[in-house]
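Common to both upcoming complexes is chain A, partnered first by chain B, then by chain C.
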Partner chain A sequence: MEKVASECPARRVTKLRATALRRAFGACVDRLAEKMADMTEKIQNYRTAPFDARFPNTNQTRNCYQNYLDYHRCNKALAAKGLDVSPCDWYQRVFKSLCPVGWVEKWNDQVENGTFAGRV
Partner chain B sequence: MFKLIFQQTKKHPTLIPQFFFMVLGMGGATFYLMRLARGPHISWDRKNNPEPWNRLSPTYQYKLVAVNTDYKSLKKEGPDF
Partner chain C sequence: MATPLQLGFQDAASPVMEELVHFHDHALMVVYLISSFVLYIIITLVMMKLTNKHAHDSQEIEIVWTVLPAIILIVVALPSLRILYLMDEINNPHLTVKAIGHQWYWSYEYTDYKDLSFDSYMTPTQDLTPGQFRLLEVDHRMVVPTESPIRVLITADDVIHSWTVPSMGVKMDAVPGRLNQTTFIPSRPGVYYGQCSEICGANHSFMPIVIEAVPLKHFEDWSTSMLEFT
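Now for the complex of A and B:
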């Protein structure tokens, strides 16, 4: 399971004034916004799935499956946090490049029915 | 068993290369099997460590010998979540 990156550390904010909030969370929110902008740019410049060191061999089945899982987990995690889910599109582009269309359709049906075997 | 091997080798010293290559071969095979078994592409413990390949840095080298890949410049591609 990917380590959930807590970009903005949970801080106790006693005062709810804007200045206090900005002081507590300002820097990390800027970093998050920058990362999101980088991600959207990366998705726009996408050509094909990049080399993934976790799957260096010819058999890329697991690469396809892992990205499919990551896409659904990312959607779930970001939606639970209330953030914008568009960075997760990276994973969708990757698995759409790698996976056979039949597999993707079969898995999508299984996810809809609730019979998908993986942990999403 | 080793005493028997030793006695037989003294009688027929031509057995020495036989034993040497057998040890080399079996030892090498076992070593590589253990290396594969301990590798991060196998998930032995599905409850506590389900996907060990996700816990490594993107520059981790999986292969024994990597000729063309520049591992130092790889980074994590997808967004964190």
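Now for the complex of A and C:
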């Protein structure tokens, strides 16, 4: 999936008003808004985790784990920039489809306790 | 399910299994032809009166019994590879089910939309009703919709198990800490049985797998009722 959070070039913005933001980021924000609308539609039409070419083989352990990591990283990155975190729902749907419930609960506990081994 | 003294495969319930059955018939015919030919040669050699103590070499027969086996191997290998690649084709599944092996039962999770998970224990022999199959029935079957590619992700909670349904042509090891993927397409509605296929302790023979393939509408009704029930 495209890196939503880093689409727009970093620019110094002193005013947070819509007009100032639009002047600063212009077309980039329109493209971002379009991508987020596509993403919302993709999530609404979700059936199950689609084929992921990064994990073409029988062993799907990494597919599950990677989506779990990406969900948390996406949340952290978008929240840090003050953007809407709903595109991250895609990763959540995918790892919920793929990962056993027991694994997710264990990892959630570890994240809460700060003992999760992955970088989130 | 298998019947007593059964020699052949169970009836195929998925397109891949149909192909495997046809390939098996083809390969077995090749085996019969070679075996009967060799048997005939051996009997003839033993029973005949001709003896030749001076035969040293013969280019013609050497060529024949080199080229002919090569041709036979190609005739067997080509359909085999065709099916191998067919099994590996990328198909976007309609549903993902997780099958988790425990000592000594399976649990199934359907988490594409809501979280549905349940355990599937073997029905003890004394609790069977007439017409049910000994050591094969379970309390909660894995229900799937027909004619849809189903992705099954298989893992285990404790020791290695193996999830298999012979009539669908699927078998995959359930390894703790690893998520193994297999896909199948149930061609027709029905109930299909399998048994744990990796030794996993005292009750390894008593943790069967039952798939109930139903039309999509019935599957949706079943999952709604299971969500209310669990």
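Observations on the model:
Here is the rule we use: the second predicted complex is superposed on the first by the 101 of 120 C-alpha atoms of A that agree within 3 Å, B and C clash if a C-alpha of one lies under 4 Å from a C-alpha of the other, contacts with A are read in each partner's own complex, and residues count from 1 in each chain.
Methods note: a residue touches a chain if its C-beta (ideal position, glycine included) is under 8 Å from a C-beta of that chain, and two chains touch if they have at least 3 such contacts.
From a predicted model like this one, the values you see are computed outputs, not experimental measurements.
Once the two complexes are overlaid on the shared chain, A:35 sits against chain B while remaining clear of chain C.
In the superposed model, A:59 makes contact with chain C only, not with chain B. Touch criterion met: A:88 reaches chain B, while chain C stays clear of it.
By the touch criterion defined above, A:50 reaches both chain B and chain C. Contact with chain B, but none with chain C, is seen for A:77 once the two complexes are overlaid on the shared chain. In the superposition on chain A, A:119 contacts chain B only, with no contact to chain C.
Greater residue coverage of chain A by touch, when chain B is weighed against chain C, goes to B.
Common to the chain B and chain C contact sets on chain A are residues 50-51, 56.
Of all residues in chain A, those touching chain C in their complex are 46-51, 56, 58-61, 63-64, 93, 96-102. Considering their complex, residues 1-5, 7, 35, 39, 42, 50-57, 62, 66-67, 70, 73-74, 77-78, 87-88, 90-91, 94, 119 of chain A touch chain B. The residues of chain B lying in touch with chain A in their complex are 41, 50-51, 53-56, 58-63, 66, 69, 71, 74, 77-81. Contacts from chain C toward chain A in the complex involve residues 90-96, 98, 100, 109, 111-112, 115, 117, 151, 153, 155, 157, 172, 177-182.
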